[in-house]
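Only one structure is covered here, and it is reproduced in the block below.
Chain nomenclature is as follows: A, B, C and D, assigned in order of appearance, with residue numbering initiated at 1 for each chain independently.
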Amino acid sequence: MAGQTDPHISLFSPEEVEFMGEDELVEIVPNMNMEPLNFIAGDFGRFVPQIPTQVPLWLAVALKRRGKCTFRPPQWLSVDNLTQILEAEREPQSKFQPLPFSYVEIARLLFDHARDDIPDMYMVRSLVEDIRDVRLHKLENNLGSFQGTSAVKMDNVSAMEVNLVRPFARRALEAFYKHDKPEADTADRDTRSSRQPREANNEPRRPLRQR
Amino acid sequence: MVRIQKVESFYAKLRESATSAGSENPLLIFPSSSDVDSICALKVITHILESDSIQYSCFPVSSFLEIHKYAGPGLCSSSESPVTILLINWGCHRDLKLVLKLGPKARVFVVDSHRPIHLHNLSDYNERVVVLHTDDDERQADLAYDFHVSKLANESYQRGDESDDEEEEEEEDEEEEEEEGDRPSKRRKMDDGVKLFKKLKRDYYKMGTFHGKPSGCLLFELSHFLRKNTNELLWLACVSLTDQFVHERLTDERYQAAVMELEQHINSSGNIDKVTSVTLKDGTKVRAPDCSRISYEEEPRLMLLREWNLFDSMLCSSYIATKLKTWSDNGIKKLKLLLARMGFALIECQQKFPYMNNEVKRKMKQEFDRFLPEYGLNDFYYRSFLRLHGYSSKVSAADVVYGITALLESFLGSGGSSASQQFGEAYDALSLNNLDKLQSGMQQAIKVQRAILRQGSKAITKTGCIRSGRKFRWVKVDDTIDAKYLGYPQALTKFCYFLMDALREKGARMKPILCACASQELGKILVVGVCGKPRLGAVRGNAFGNAFRKAAQESRADYFHELFESSWIVLDASAVNSFMIRLTEKL
Amino acid sequence: MFLFTARFSLTASETETFSDGLSVERKRVKPILMASNSDMGSADFESLSSTSDVELLKRAWRNEKAAPEILPYEGDLVERAKGQIELVEGNIEDYVENGMDPLVVSLYQMDLDRTQFLLRSYLRVRLLKIEKFMFHTLKSEEAESRLSEQEKVFATKCVADLAKHFEESVLIKLRESYRSVLKQSLISEEDDMVPEPHLDTFVVSRSNSHVTLNLYEEGESHQIVEMYRGDVYFIRYKVAKGAIESGKVDLI
Amino acid sequence: MMYGRKGYQLVKDFASGEKGLLKPFNSKLFDETIEECEQNHGLIQSLITKMQQEGLDVQNNRNADHYGALVHHLSLTRNKRCLMAYVHNRAEIVRDLAWRVGLVLLELPPDIQEKLTALEKDYFKNHSKAIKSYMGKLGIELNVDMVPPKDPYIKIRVVGDIDQGIMMSDKTTNFTRHSMHFLKRTDAEPYIARNQLTYPPCLIGGKI
């Protein structure tokens, strides 16, 4: 069924990545009075008209859809800030610029539910899309430069980018690791054999025995 | 109070009834599947209901009887659990408590632009039916009453209880009037109060049928009041107003007033982005697509121009075709001459509109303004709404109405895709991310308009095709191919208006017109009557309502008069002629 | 059984009286493990903000989904989460009976739905892993120790059912020396028919605190990696396994 | 006679099916592979008895017959792996059905039930029992809530033919074809699993 990850590969569905991103705090301006909400996920509010307050994204979207608040878009989601980030990302050999871990999910939820609260919303959306494409392109390129090592650091990478590049990176890194491991002495051949996925052991260890 | 003046108190009452404890059913919504305004109204009200987490079930219907198929037992039996029903764009012109046999606990809410509203539905004592009929709707109505409707409604409801269906009651009033004329002595003794009541009631119903404010616009005002209006809902309000305009359900003056109202909403809804492009320091330009903006502009009365080409759109659009008589050869010659005089090469005009060269497109308005008045086409441009989306594409509200109506009216009889399935197609096509469905609807609308031109030309040029009686003219569409396009109420109504305009251009005396065409059911004929376009100061709307029913009863064939316009009726193929003869006596 | 632990946060509150004209006495107990701390720089890591049970459950679910093998069962956390869910379900019923504003009720319902989804997904992912490597999970003491009691029962039944299914559809149709479920034939020395989780796969880790990991196993040339709080690494699972179980590092 | 081809075709037949969807059980190829195992085993026996008649030590005398028997042993174990893989992969889908579509065999869509062998139907029942007893002990339903929750309510349109009088948690309604409903997500999920409902393009709160 759409949205549910294939339980057999440990990958997150886009809906699950968005679900995790919905716990990020955003600022809203309520237009009604409401008692504090004591959720399992934490305490939020006393909501007073026109007084900004911080709530998780999923709660903000629910209130917005019910006409109970407007969003205060996060500082990083502005035309100027995003233009600088895009320019920096496009610099050759540049590192990833700092962005919230779930910046893709936050942007999409705000575009879907809070269009009228984001100034120049369509310009902002085009910039976010371009930033996302440039970063993915860079990620794919330096996949090739992973050396044969057991740990590769990734700076300022976001949830969606990790989820997207994970299968390719995993295959590449496993292949590197298997081929150019430092020469282990022969004694612990068994430990190495336990590294390969378990294939049938073809040669019989002991000769054929009488039935 | 059964008649609700304020749209917000209507919603408050609906919400309270729908969420009342003990109700076993969610709110049941029955939108009419006969017109675009109904879909727009449905989308607006469901947006509001969803944001208030009110559960509902929605079943599109195309006639009075279908409601029982879906509503389940709660509706009319004496079951104790309350059930709340919302009717969209149908039902208010008949006595709902009677017709739907409402049980003690059923409550029906009605948002319907059909007028007049049946007096029993408006009475304060009728708790079962709640009708939304705002003051400004009544004041601006095309046909105004000079008496106090609600007082009359209450009196009629109390009196109504003893007498049966209100049509019969109105029937014997008319006989009285005639009797009064020639045989005063036999008239029954009546005190003045009753006589006045009877006279007012007769005047109320004698006005014939017409339309009030579009339901989509009414419910958009509700969303605005509840601070839940969005750009999407504003566009739906524009489309629902244009639906009434395209199908001649309101006067031009009322259309202009309503356009002005929506223009204020468009201006104030911050529709226009300030920054539309950004240039990076290395010179690359990042452009923002047009953000599904709504704009209002002067649009030519050319049907589906952006989906068609200039020549064919001028050839087939009713407004130009009837003025230039493009059904005749010299009419087509006149059209080609006009294009030449405007400096447009014919092959250019036959290019698909998006590929027509921009020079012609830019000069079009200026040339039309210069030449068209000579042909009597002075109000060729009218104020309308446009939706911009993607990078440069535009769609006009009128074209959306044509396309969606064509989708609604392409259900097939037995076996084929049902009316409610087509309602789903039309519902999806109304959202911007389903452009392919809208486009297929618009292509279908082009075929319908070509069929109208074909059958219109045949009817006008072939003598004896249009049978003219004392009270009305009527014509039957025999062509089986074109019947596939015209065998639907809205399409056949457009065909009637086309014929009426053509006859006016030929100088014929204006008379109501009826069109008959094979419907989707085997052996059945759909008959649609049109009295003329609503005009300011007109005394009557469409007078066919009751006359249809009585003529059909007397012709003793079985008939189906349950569709949502009383000027639409379905008859046995064999009964058409006798129906027409009897109808002349009834008018 | 509730594990009462102190919670240090700005709006700590033990009991809440709803003043919305309702005298519903709502007992709210928030057993939270660790102290909350302020937000972290511009790239905020929500897993480091106040670690409520929801955060812990989300971390457990995410680690379980990303790890190739089944991780130790978080029994206490599951019990606490179950307790809070039942508490909130009760509260919601009271709200509905007392005709609370449907908006507030639906918001509490959403908070409940999110926690329930996390709990259900966490338990379900573990069962699916048990199904995938059912023979392996019962093979060693250590593997079995990671399962809850009910998971052990489930695993045992899975093994029995699948073995029976293999038996009836394939094995009885073969000759005696080839009828083993675990071995290809009698002469195979070890269970060469048992799929095992692939511990050398690469996973993505994010460190919660400064940690140094040895990249290679004994007998190999020494290489280490120093990870600072918030660093994200593609790393071989086997190397990070210890740090994951100790909570120093999360998988994302 | 090329040994091992039947086994290969059997596994290929499974692999050609759509991921996660069952094809009918290929009993023809399955039995032919079993048959081949019998032949392999027969040949191993005859080669061993031939060596014994020649007084040779079967273990250490590495003559042609010894290796002949070895080849057939390998072919037999390969066939066994193919057979086990075929049954194992189908069993995986059967388990997935229990999780995703429903725990009651007879409630599975008929076109799925047709493709299950009698043994697989038993396996389905056993596995459902295992899941149900686990859920029962824990008091939490795990075959629900497969997709992260959005709003507790969801908007759907009925595309399949569903019987009338649908019982929902607190209300009843009719799921007639082409009707649209806005209801609690948990009430809609069982029907979505049997894909009788779709999300119409206008999700709640999303673009209309």
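Keep this in mind: contacts are C-beta pairs under 8 Å (C-beta built on N, C-alpha and C of every residue); 3 or more make two chains touch, one makes a residue touch a chain.
As the structure is a computational prediction, the values presented were derived from the model and not from experiment.
K.L.:
Please state which pair of chains has more C-beta contact pairs than any other pair.
P.N.:
A-C
K.L.:
How many Å are there between the centre of subunit B and the centre of subunit D, using C-alpha atoms for each centre?
P.N.:
Taking the mean C-alpha position of each chain, the two centres sit 54 Å apart.
K.L.:
Just how far, in Å, is the C-alpha centre of subunit C from the one of subunit B?
P.N.:
Inter-chain centre distance comes to 58 Å.
K.L.:
Measuring from the mean C-alpha position of subunit A to the mean C-alpha position of subunit C, what distance in angstrom results?
P.N.:
Centre-to-centre distance between subunit A and subunit C: 19 Å.
K.L.:
What whole-number Å value describes the gap between the mean CA coordinates of subunit C and subunit D?
P.N.:
26
K.L.:
Indicate the residues of subunit A shared as contacts by at least two other chains.
P.N.:
7-8, 19, 62, 65-66, 200, 204, 208-209, 211
K.L.:
Among all residues of subunit D, which ones touch two or more of the remaining chains?
P.N.:
73, 77, 81, 92, 99, 148-149, 151-153, 204-205, 207
K.L.:
Check each residue of subunit B and list the ones that touch at least two other chains.
P.N.:
50-53, 230
K.L.:
Chain contact topology under the given definition, line, ring, star, complete or other?
P.N.:
Looks like everything touches everything, fully connected.
K.L.:
Considering only the defined contacts, which subunit B positions touch subunit D in the complex?
P.N.:
23-26, 28, 43, 46-47, 49-51, 53-60, 69-70, 72, 230, 232-233, 236, 418, 420-421, 423-424, 427-428, 430-434
K.L.:
Where on subunit A is subunit B touching in the complex?
P.N.:
Residue list for subunit A touching subunit B: 31, 65-67, 79, 83, 86-87, 90, 115-116, 119-123, 125-127, 130.
K.L.:
Using the touch rule from the top, collect the residues of subunit C that touch subunit D in their complex.
P.N.:
Touching subunit D from subunit C are residues 82, 106, 109-110, 113-114, 116-117, 119-121, 123-124, 127-128, 131, 150-151, 153-154, 157-158, 161-162, 164-166, 168-170, 173-175, 178, 184-185, 193.
K.L.:
Provide the residue numbers of subunit D that touch subunit C in the complex, in ascending order.
P.N.:
Contacts found on subunit D: 34, 37-38, 41, 73, 76-77, 80-81, 83-84, 87-88, 91-92, 95, 99, 117, 119-120, 122-123, 126-127, 129-131, 133-134, 137-145, 148-149, 151-153, 185.
K.L.:
Would you tell me which residues of subunit A are touching subunit D in their complex?
P.N.:
Touch list, subunit A to subunit D: 1-4, 6-8, 13, 15-16, 18-19, 61-62, 65, 112-113, 200, 202, 204, 207-211.
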